[in-house]
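Both of the next two complexes hold chain A, though its partner changes from chain B to chain C.
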Partner chain A sequence: MAAGSISEDEYWDSIIFFLTLSSKIDSKWTIVDTKDGRRFAKKTEVFILSTENKESTMNDDVIRNTELMEEQEEDTAAFQVRGNSDVEVVTYEYHILYSPSYGVPVLYFNAHTQGGKLLALEEVWKRVPDVYKERLSEERWTFITQQEHPLLGRPFYYLHPCHTADLMKNSPVLTDKRHYIVSWLSAVGPVVGLKLPLEYGKLCVS
Partner chain B sequence: MGENREIQKGVWEGRIPVAFRLSEEDTDGERPEPVYLMVPRISYFPLHTEKINKHFLKYASEKESEEIWLEHDNQPLKWHYPVGLLFDLYGSETSLPWTITVHFKDFPEEELLHCVSKDAVESHFMSSIKEADSLKHRGQVINSMQKRDHKQLWTGLLHDKFDQFWSVNKKLMESSGDETFKYIPYRLYMVDRHYMTNLFRPLTEEGHHQSLKHLLLSAVPQFFNEDEEFQKHVRIHGTEPLLDTPILWLSENFSFPDNFLHLVISDK
Partner chain C sequence: MSDDGNESRDSKNTETEEKSTPASPSHVAETKIDVLLKPAGDAPIMKKKKWAVDRNKRIGWVGEFIKKYLKLTAQDSVFLYVNQSFAPTPDTEIGSIFDCFGSDGKLVLHYCKTQAWG
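And now, the complex of A and B:
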């Protein structure tokens, strides 16, 4: 195996470890079995995005998301009025798959509005947090694009895996290969709004 | 290269006669005559249909140009598959020219990738080449090339320039001595299911060449009978290669420009 990559067996060990952590923390990740006996890890997350400011990125949105949720608890009626006028509910579905070609995990995702409409690629790019914007402007077409989901055959967005091994090669040394997924996901997830609670890192250490 | 050059050129020059028709749902009144085109097998539809789209749009009821998409016999055609693969998969039993319906309405978002510009095709094409090199050489050849070389692969395909493309592609196809391909970049396709692939080495541990038959035996053993006879047909570039053909040779000479062997399995 090249530096930074993992074998499929190591990958599954790491996924199982990751799901065990998830069950202790937020239980948001599950394993999906496809019709032809293949598997992948999946998580669904609902974001409440501002429509006032179309340029807002996932960073701002997440903050807004939390604020609104708190508001909702206080006053449901007020939330609903606001909800109808200036926010948009977008459901993100994240899949983690193993790429045998690259020997690394790959993050696939789709994002649908409440009406069931798929977020366009331009919209997905727009929502990438500012810290990654420079890279996005230089190489958007080799960063996030649409691709056929290798196990479902349907269109999904994905983060190109060609630099993942390099990224992981330079990440802090993994004393336990089972920590690979946590380390990888905390590095690439935030690009598309996927943030791992700190507890994942803490549980890895303990 | 020598004799192989002729084979690679033959693969490159394959064309399919296509009749493009505007869908009935997309016209208010007069349905325009079909447009005929010879489309390279190794290329992608969006690189050839620009003029057709402009022409048909004059007749389309939706002037707000919605995204164009193609369909044959109720099967939406994935633009990110090479033309020859789509034909071998869906069109090989129809009479020529291959009739394809052009749609402007009701883009099947659940089935087709969006193609907003040729950038999307370039991105897909280059990703495939990178993935293939990751399988063959752990990505070492493509990563050691300059941006200029990457661009030359793409423009070679875009402008149908065989020599321009192959002068760079030959480096990606080099496999001599110890430097032979680690794995074969391939995908198997069948109607009504998505593609299959797996890691497959071109040589056994003892150094013997594996054949196309060995690859099929490992990927789709269910299609062989007890005497190890293949019960289906396997097609690429409109031909049925002999099952004894060494897979390394096929990979070097019969791969599409994206460096993958796209093999179609069918009953007939």
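And now, the complex of A and C:
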């Protein structure tokens, strides 16, 4: 395999390891089985964004708000019923799939408003935190486009895998290939609003 | 990193020395984290590897600092990893990272750079 890439078996070993970490840390990742026997890893994240300052969205305060909301579902319902018009609720969905042609994982994602409207790429980019915005505009390793989801057949945004192998071959050498997904996702995720808590870095599965 | 940035151009300074300025009270030294930077992949080796960083500095700031120190282009990205396998989000404070991953009074960070396009 090319430097920085992994085989599909190694990929699944790493996904299983990653899911075990998730089940201990934040339980946010699951495996989804499709009708035709395929599977992928998925996470959903709800962001409550202030429409007043869309530039500084997805900051820590917002995410803390969201986590509080998720814990107290009744409060969430009450919040929505109040019809607060100066915030918007955006649901992000992240999927991890394997690309056999590049030999790397690929991150697919979509973002919907409460009304079910799919966010346009421009709107996705507007919500990227400033510190990552520079990366998107200047740093060529991040390349977000839209294509048909290989397993679901619907349009999804995805981080193009062409630079993933380059990124991974320059990353610190992994003592265990099962750490691949953590290493990859922790580096590329933040650009599209996907943050892995520090706990993941401890790699403790027991 | 421990003062106004002149340290980065001072290649004679190879040890982690606290540069106390008239403006910094002695207790500030206790809030700095000893960071050891190690290259990964084909990242260039930094002449000065040990740095004292304020606890509340974000790791993204450290990445930008390394980028300038190594005179990388705007198209290059620097990534920092702890435990050789996890990249904290750029807005994570060095102090928090040290609390989780520091040992022997220091925090080891591996840095790597991606190739520019083309």
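Assume the second predicted complex is superposed on the first by the 169 of 206 C-alpha atoms of A that agree within 3 Å, B and C clash if a C-alpha of one lies under 4 Å from a C-alpha of the other, contacts with A are read in each partner's own complex, and residues count from 1 in each chain.
Everything below uses one rule, namely that a residue touches a chain if its C-beta (ideal position, glycine included) is under 8 Å from a C-beta of that chain, and two chains touch if they have at least 3 such contacts.
Computed from a predicted model, the values in this text were never measured in an experiment.
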Worksheet item: What is the contact status of A:183 with respect to chain B (first) and chain C (second): first, second, both, or neither?
Response: second
Worksheet item: Which holds for A:153: it touches chain B only (first), chain C only (second), both, or neither?
Response: first
Practice prompt. Give one of first, second, both or neither to describe whether A:120 is in contact with chain B, with chain C, with both, or with none.
Written response: first
Practice prompt. Check the residue A:102 against both partner chains and state whether it touches chain B (first), chain C (second), both, or neither.
Written response: first
Item to complete: Using the touch definition from the top, say if A:43 reaches chain B (first), chain C (second), both or neither.
Response: neither
Worksheet item: When both complexes are superposed, which of chain B and chain C contacts more residues belonging to chain A?
Response: C
Worksheet item: For A:145, is the partner it touches chain B (first), chain C (second), both, or none of the two (neither)?
Response: first
Discussion item. I'd like to check the shared interface: which positions of chain A are touched by both chain B and chain C across the two complexes?
Written reply: 141
Worksheet item: Okay, in this complex, where on chain A does chain B touch?
Response: 2, 36, 100-102, 118, 120-121, 141-142, 145-148, 150-155, 160, 162
Fill in: Complex contacts: residues of chain B adjacent to chain A
78, 80, 109-114, 116, 119-120, 122-124, 126-127, 130-132, 134-135, 138-139, 183, 185, 193-195, 197-199
Worksheet entry | chain C - residues contacting chain A, complex | 40-43, 60, 74-77, 79, 81-92, 96-97, 100-101, 110, 112-117
Worksheet item: Along chain A, where are the residues that touch chain C in the complex?
Response: 59-60, 129, 131-132, 135, 138-141, 163, 166-167, 169-175, 179, 182-183, 186-187, 190, 195-196, 198-203
